[in-house]
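Pasting the structures here.
Here come two complexes built around chain A, the first alongside chain B, the second alongside chain C.
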Partner chain A sequence: MPLENFKRYIQHHTQLSDTHFNELTRNIRVEVVKKHTRLLNQGEVCRFSFFVSKGLLRLYTLDQQGKEFVIQFAPEDWIVGDRSSAYFNQASDYFIDCIEDSEIVFIDKQLIDKASDIDKNFRTYFDTLLHNHIRHIQKRISFLLCATAEQRYMEFVNLYPDLMLRAPQWMIASYLGITPESLSRVRKELAKKHFKL
Partner chain B sequence: MAQREIEVIIAPRKPHFVGDGFRVHNFIPSTISMEQMSPFIMLDYGSKFYFPPSDKPRGVNVHPHRGFETVTIAYKGKVAHHDSAGNSGIIGEGDVQWMTAASGVLHKEYHEETFSKEGGDFQVVQLWVNLPAKDKMSSPKYQELPNDKINKVQLSNHAGEVEVIAGNYNHVKGSASTFTPIHLLNVKLHKNGSSAFQFPTAYNTALLVIEGKIKVNDTEVNTDHLVVFKHNDETFNIQAVEEAKVLIMSGEPIHEPIAAHGPFVMNTKAEIIQAFEDYNKGKFGYLEEE
Partner chain C sequence: MPLENFKRYIQHHTQLSDTHFNELTRNIRVEVVKKHTRLLNQGEVCRFSFFVSKGLLRLYTLDQQGKEFVIQFAPEDWIVGDRSSAYFNQASDYFIDCIEDSEIVFIDKQLIDKASDIDKNFRTYFDTLLHNHIRHIQKRISFLLCATAEQRYMEFVNLYPDLMLRAPQWMIASYLGITPESLSRVRKELAKKHFKL
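On to the complex of A and B.
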């Protein structure tokens, strides 16, 4: 099943045939993991990008006091990893943990290289993904610098429509760069505006 | 005499926790589908379980619902609840709360404070009843049904008593109003007491043994088991092998498409997406987290 979802995802974005997909993924690592499982530790080199077939992951870092800062969530059909660690072969600053029981497909550099040899669209697609990632990070920086808590929240729910019901409030507040109390205040204000009895 | 036959007897699945206060066996939709049991689209059964004393009440924090009704029946223990429309209350032993979430509410459910501090046996049923498309976006409402307000029928030959929560039994009307035809009965039978129950053949019908052991027609059924009936006839018979309590549900199926995602049960995927959007925008109101 996890591989079926990965195939659907890949074939939606590239022209990779069933035969080529099967050949490429013959030895691919697929894991069904429990909530709280760690996929990447700070200090390790990130060897994989993780495709989420089912479940929810988060990429985060810790400050010196051990306080957590969520950089990214990855629900179904998202790919998450530490690209800079992988590309520059450097120790990662981040952790990746499962927030829910999850089904994960491990994508390594070899797979991407092989797939790109078979189908040039594949390389183009992975470049698009990289640029999309840069766009996402830039947008996130500008929101963290310039936007109000409500604007950040609205951007968050547009990007992740069902996460308010899947991730704990403190994690979402951490992602938004606000306190859990501020997140509650934003939701309370929105309810005042939109809730009609 | 022709009888409504048993389709299947389902043993309780391994329990899971909803929040930290509700240890439940799910029957619908995990062992029998929403479509098969329509209009009953979810049945969580918290079989009798001892919770030790706790200063912090266990339960389920703020969550939304849209598109259906939740029916909570407390057999043991007490449940406190609050919602975003300002309603709150306590569901005590023998009481029923019939909440029409419809267009949407946020609510939270916890062990009642004193019960939580003292600890004790906890046994509840939560049943979700689907709403027809035309009523899914109607206004939310509550029907609080304390046990003394639930209409009761004494069975002949001192066999026991039937609490008519909804629908009717022997011409006695149920206490709750429903959007589609539903019969929901709590049946208490003394040892060897028996009674026949009759529902339209087309209605999806099941019973859950809350306490004791019973015979359905001639088949023995143990505590905590769910009996799902066929649609071959109207009438079945229950006899208590020992003092027993049984929840009977029977309802006219709603023949409409179901799109369900977490706490939202609608007719189309677009309506589910809309529900998430409305929830995110605060259209379900606000409720303080515990």
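On to the complex of A and C.
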């Protein structure tokens, strides 16, 4: 049942009936994709948001030297995309690719419009998602500006409880805006503190 | 005419007639506020977005040591607020105060609903504003993660052409996530380059 997780997710957040869910997703695009598959290239318009039913994606960008910087991770039940590229129909600054073999539900404007036609609460739900996204990225700016490496790490563990074991350490360090050496130091210090408690 | 700038701004972005503008703003709150006035306190729910007709505001937060970090500046024709606090009716993590004596138009949910009743295009316009905001803060994350001090500074000058002369240097350094010493060095280096050209 490739849509089982998406159905559980949608029905958790809205009151969509089984019948309406089936109607909504009759022609929906679902893909099983291999690790390293690229879902969005920098310079393309981002036409989809990707719901992760299984696996792990990341949204990242490159600096002028070609170094990668992770903006967002998206494990199961997360939705990732470049909303402003989609909204303004402009080339994206970002890449999205798969860190693990993944199962992805493709969400586009037509699907959202259809969902809103079926159930008026959907528009509110997507508004909530949008504001959640804003809250999340605002918080990320505050953390990048003023949190210590340890605080950033704790916030990361809180937000993505199992990613420390799933994502490469250099990617996590890149997300946190610290060096892999700092990340390793922070983890050791926290382990020591924890041991003392 | 305290609403002149707001009117020009609104009519630039929407097709609102003079009559409709007058109807919309009949009971609107406009305040002339002194430098250092606090418009939002951390811990309060942010009930308004603030349109700056004159002057300069900033949105900032504090770290655990009480050090200030500027998230956003808002000179004339900018709108600043904490959208997620307003939307979720939750305590804000931010402060907003005036860097200069300012004239502020208070925008709340009622005003936006009224505007959308008067002119359907308004909902689209506010959607555009929201996505512009997302684009802006996403770009800020990329810059904080991967841009050099010089790149951050150039982006700042591009975004806020006259703020270098209006805001204190330590505030600008705080916005850029660099030390005041780095800011001073970057400015000197750029001046040198410019002189050579």
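Note that the second predicted complex is superposed on the first by the 195 of 197 C-alpha atoms of A that agree within 3 Å, B and C clash if a C-alpha of one lies under 4 Å from a C-alpha of the other, contacts with A are read in each partner's own complex, and residues count from 1 in each chain.
We adopt the following convention: a contact is a pair of C-beta atoms (placed from the backbone, for glycine too) under 8 Å apart; a residue touches a chain by one contact, two chains touch by 3 or more.
Predicted model, so just to flag it, every value in this text is computed and none were measured.
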Tell me the contact category for A:130 with respect to chain B and chain C: first, second, both or neither. second
Exercise for review: Identify the partner contact of A:161: answer first if only chain B is touched, second if only chain C is, both if each is, neither if none is.
Suggested key: first
Max touched-residue count on chain A (chain B vs chain C) belongs to chain C
Worksheet item: In the superposed arrangement, which partner chain does A:12 touch: chain B (first), chain C (second), both, or neither?
Response: neither
Next item on the list: Figure out whether A:140 sits in contact with chain B (first) or chain C (second), or with both, or with neither.
Entry: second
Exercise for review: May I ask you to decide whether A:71 touches chain B, chain C, both, or neither, giving the answer as first, second, both or neither?
Suggested key: second
- Message: Just to be sure I read the superposition right, which of the two partners does A:195 touch: chain B = first, chain C = second, or both, or neither?
- Response: first
Touching A:84, do we find chain B (first), chain C (second), both, or neither?
second
Intersected contact list for chain A, partners chain B and chain C none
Chain A residues touching chain B in their complex are 157, 161-162, 164-165, 169, 184, 187-197
As the complex stands, chain C meets chain A at residues 61-63, 67, 69, 71, 82-84, 87-88, 93, 127-128, 130-135, 137-142, 144-147, 174, 177
The residues of chain B that touch chain A in their complex are 63-64, 84-85, 139, 261-263, 273, 276-286, 288-289
